[in-house]
Structures are given as structure tokens and as C-alpha cells.
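First chain written, first letter: the chains are A, B, C and D, and each begins at residue 1.
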Amino acid sequence: MIVCIAVVGHQNNPLYLQSFTEADDALKLHHIVHCSLDVIDERVNNPKKTGPTLNETFLGLLYPTENYKVYGYLTNTKVKFILVTTDLDVRDADVRNFFRRFHSAYVDAVSNPFHVPGKKITSRTFAERVSTIVKSFGLSTAV
Amino acid sequence: MAPLAPRTGDAVFANVERVNAELFTLTYGAIVRQLLTDLEEVEEVNKQLDQMGYNIGIRLIDEFLAKSNVSRCVDFKETADVIAKVGLKMFLGVTASVTNWDVDGTSCSLVLEDNPLVDFVELPDTCQGLYYCNILSGVIRGALEMVSMKTEVTWVRDMLRGDDAYELRLKLLKQVPEEYPYKDDE
Amino acid sequence: MQFFGGSDISPSPPVATGSGSNGHMMYVFNRNGICLLYREWNRPLRTLSSQQDHKLMFGLLFSLKSFTAKMDPTSVDKGNLGVPQLPGQGCSFHSFRTNTFKLSFMESPSGIKIILVTNPKTGDLRESLKYIYNLYVEYVVKNPLYSPGTPIKCELFNTSLDQYVKNLA
Amino acid sequence: MVGREVSESCVDSMIIEMVSSYCDRFCSAKPELAARRIEAIGYQVGLQLSERYTMERPRFSDHLEAIKFICKDFWSELFKKQIDNLKTNHRGTFVLQDNRFRWLTRMSIDPSETNANTSDDPSVATTESKSAQSASMHLYFPCGIIRGALTNLGIPCAVSADMSNLPACSFVVRIKA
């Protein structure tokens, strides 16, 4: 299950953060997201020279904690997406598929003429789309 | 030589040069946002969008006539149909349905379910008075004026404001025949 | 027939087999009677000022349209002579010929009038006038520097028009 | 929504009207202000388009790669052709030349003014003709698009344009250090 999803701007400014748990662990999730930013910077600035993955937007598993797995994605426009899940047995393809759909929802949200670049995304349509994508996570790799 | 029959909307749209709608949609959005910043008052933005549409309409009418082979615009009912099925299709790639005629046949509604101007758009709470698509009503008004029909075009329903469709009300005010423009003083 | 299908403007104009110099002059008027363009290729005799010339031409067409509609034996409803008509209303004339020249005329429902004066032996020019109307749309109306209703000063239009008229049969 | 199209005239006439509204109505007395507003509209469009057109593509590793993207994929999406020639001084200035810039293909300058300019009168020759001036107003929008796109790709820059030979046009990108 996805417990948290975050969008962070190129100056590490939060653009969107949504948790999907009932539990009161918002603080903990924020902390995880925050820590993952450093991991992303680290990855991007010191890329492993391993052929095809160089400069790929999908950054893969950033780090595992006891209870969570954290995945990252960095767009060409230097915006970071962070996914926190409690599933410990996650297929890479599912995560990639998730980010692809999430990216497309994000791009439509910032195409709204009233969205101010660098400001938080407040769109209801975006929130609904994200919730749909989150719910269908891992259910099918199609689409 | 018989005059050529008017073309269908699909045929004309297939023959005109087309571009990716994203550029159109985003450019219009950026114009609306800039106008809101520069003009401050939402009412004034509505007015200017309508004016811009009018100016566009008086340009587009000749391209429409040249490419659609429409040779007469005498009957208002026929004209409304042509706008809905050929005009909108040729430029925006969408069609409208014509409904709600009044008894005199001088006013009707154009109902659009879809419209490329509004892709991605969500109105913020501060812009509730904005008629986002007001440029479109201006275009129709301008184009009709060039074919001698003075009209009033207003928005009745707007999906950006929570309605279930986009509905434009067209009202024919008068048909203005062409007058001899010179004074007979020579 | 299709005009301007591709990205480059390379239409196939209707019948252009002549060997040149058939065209005498051309006028374009808008719905307000403003002469947007007067172009002359071959007109040795000029007796009027251009302003008078344009006004007479416009007046001639206006009256002729009115007369032809009034005379129309096939139509029941006709207004009084001189009563203005709506675009597309009544019958419409498209050319007349004298022993020395032929005048061809088209009017769009938006009131754009194109008048081409040619050699009297010239054939039917209705398609050619439509083609010129398309040139007007492409090079005048779509020229970002042109304001509707003002005199046409577009090099691209003049060049393509001259080229086309030169080859009219 | 994928693949939706509109007629090219929709875009063209909207841009023409936007430029003339700002030049002749909203900022008629202040051409510099009109230019800034038109550029700002282009900037927002460029920002959003770069977001859309870089989806599903690896990140660019340097400035040159991003500029090449503008010249090829980005330009093709907008104008169905690529930039014809890219030059650089290797010190942060790039010149993108389009030999037939789509938004200028139907633009024609008043021939009588052109004649006046080639006359012997030196006072005429030095001042730009009026139509050349209003023609240049139409370039702030594409300049804004390029600047918006590059800025969003992490390359802050200034963009200017030159169109001395219609319908060719050169865009000069100066990257800010």
C-alpha cells in the first residue's frame, strides 16, 4: 500500500504532499520524504556510470527502512517525485508504471493557466487523479 | 457551371492545416492569466476577451467562407447550423448541437460538450466571475456581423463554473443589408 | 477543388494556359465600399482620378446587382429597385462583356467584392476569382501586419496575384 | 485528449490578436511594456510546453543537449520542422536559425515602405520602418517560449530575435552565468 506521495520543486520546496494512512504518522512520513531528498541529490550528483540508467527519470529504490520502501523520480525540469510504500515485495514495473501515470497527472496540473510555477499544487482534479492512481497501484501493470 | 456544394465540417477540417492543440490551449490560458494580472478587474477581462474574439472573428470569416464554399447566409436557422457543424469543426475540431429555438426563430443555443480552450483549466476561487471562454462568443459575434447579422452572444452554461455543458445563447438582433456607402452629391 | 492543402503554398490554380497580358486591372472592395486594392496591368487610357474611378466602379456593381435581382423572372419576392439586399439574397451576376473588355465579378457573403477586367475573349473566370479570394485569405487576411478594412499593401499578395493573372487564359 | 488538433489559423489568429491588443490597446503608448507582457505570455507557454514535451525522456546532461532538444523535438512539435542551423561561440551564446519560421511565412512588409528605405534619403535609411517595427513585436512571443522552456530545464537565459530576411529568423540565446 502506498502511504505517502510527494512532489518537491527544484529548490527542495514542497509542491504537493499527501499521505494515505489513517495512522497519525504524518511527522514520520515528512521526515522520510525529507531524508530522501538528500539521497536523490547524492544519486544525481554522483551517478553510477552504468550505461542505460544514466539520467533516467526513474531513480529506483532510494532506501529501505524497516517498514517502508522509498522510491524516487526526477523530471527533466528538476522536480522530484517521492513514493513511500509499505509493500515490501514491490515489482519494479509497477513502480515505473505508477510514476509514469503520476508524471502525466502532474504535467496536466501545471498546465492549468492558474497554477503558479513553484507554488503548491491545489488542484482538486489533480488530487482526484492521484488518488485513483494510488488506489490502482500494483493491481495491474497495463495502462 | 453549378456552384460547388458547401463542404461538411469533417471534410473542411481534414483539409485545413492543423496543429497540436496544446499550443493553442496553453497560449490562450497564458493570455487570460496575463490579462487578469494587467487589467485586475474580472469584468474588464471578460470584456477584453470578447473584444479580442470579435477582432478574430472578422478575420476568420473570410477563411471560413473561402474554404467551406458557403455562399449565402440569409436564413438565421441555416446559419446557426453552419456555425455548429462546419465553423466550430473547421477551426476547433469540435461540433455543437443547436437547440432551444424560440418561436420567432431569432434565438437559439449552441451546446458544446467539449472545447479545446478549457483543457487543463481549473478556475481559482478568486476568478468566479470570469467567463473563461469569452473569446469564443466574441469570435461568433464578429464573424456574424461580417455577414450582416448583428447578434448578441452570451454564455448560459459553463462547465468551468460547475454546469454540465457549455451553452452559448445566440440572439439575432437585426440583419443589416448592405447600403450604398457614398453620398449622392456628385 | 482544394486550395492550400500542404504546409507550403503550392496550389494548382484552375486553367492557366494563356500566354499572358489578358488582365487589365483588378479591384477589391470590402462591405463598406472601401477600395482595398486597385491593381493595374494594362490600362492605356485613364480619364478619371483614382478616387472617382473606384467610386464609379462600386456604384456600377451596386446598381447592376440591384437591377438583375429586380429583373429576375424566376423569383416571386423582390424588393423595390435600389432596396439593399442581404448577402446571397436574390440572383447574382458574375460577368458582363463589351466589345473591348470583359468584367468578371464575385462577392463573398462577407461583402468582399473582387472585380477583374480582362480581354473580351477571356472565358469563365468564376473559379479564378475564387482562387484570388483564397490568395486574399492566405496573404492578406493572415498577414500578421494587416489590419482588416485597410488598404492592402502586401508584397506577397501582389506577387502571387501578378503571377496568377499573367497566366490567365 | 492525446493527439487533439485545432486548425493552424486558430493559433495564428489568436497570436496576431494578442500582439495587436497589447501593442494597440493595452500598452499603446509604451511599446517596451507591450513587449514585456507579450514575452511573459510566451514564457508561461514555454514553461508548460517544456514540461509536457520532456515527459518520458531521460534528463539532459548538459546545456548543449537541452538546446539541441529545443532545436529538434521541441521545434518539430510546434512548427513541424527543426531549426535549420545551430551555432555557438562556446561561451554561453547560441544562435538558432530557422530559414522559414512558420509564424513569419505570411508576413509581408508594406512594399512602398521598403522602397522608401532604399532611397537616398539618409534620415529614412537610419530609422526603422513602421511595419518593420510592428513586425518585430511578433517575435517577443516565440522568444518568451524559448526562454520559458530553457529556464524550466534549468538554463536561465536571455533570448532575442532577428529577422532581417523574411521569413528567416534567428534566435539568440545568451545563457546567464
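As a convention for this text, a contact is a pair of C-beta atoms (placed from the backbone, for glycine too) under 8 Å apart; a residue touches a chain by one contact, two chains touch by 3 or more.
Fair warning: this is a prediction, and the values are worked out from it, not measured in the lab.
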item: Contact-richer chain pair [A-D vs B-C]; value: B-C
item: Label of the chain whose CA centroid is most distant from the centroid of chain C; value: A
item: Separation of mean Cα positions, chain D and chain C [Å, integer]; value: 36
item: CA centroid of chain B to CA centroid of chain C, Å; value: 28
item: Centre-to-centre distance between chain C and chain A (centres being mean Cα positions), rounded to whole Å; value: 63
item: Touching two or more other chains - residues of chain A; value: 111, 113
item: Numbers and ranges of chain C residues touching at least 2 other chains; value: 7, 142
item: Two or more partner chains touched - positions in chain D; value: 9, 13, 15-16, 20, 44, 48, 52, 80
item: Every chain pair in contact, whichever chains are involved; value: A-B, A-D, B-C, B-D, C-D
item: Interfacial residue positions of chain A with respect to chain B in the complex; value: 108-109, 111-114, 123-125
item: Contacting residues of chain B [partner chain D, same complex]; value: 13, 16-24, 26-31, 33-34, 38-39, 48, 51-52, 55-56, 59-60, 63, 90-93, 116, 119, 135
item: Interface residues, chain C side, partner chain D - complex; value: 7, 138-139, 142-145, 147, 153-158
item: Chain B - residues contacting chain C, complex; value: 1, 4, 15, 17, 55, 58-59, 61-63, 65-67, 70-74, 146-148, 175, 177-182
item: For the chain D and chain A complex, residues of the former touching the latter; value: 44, 47-48, 50-52, 54-61, 152-154
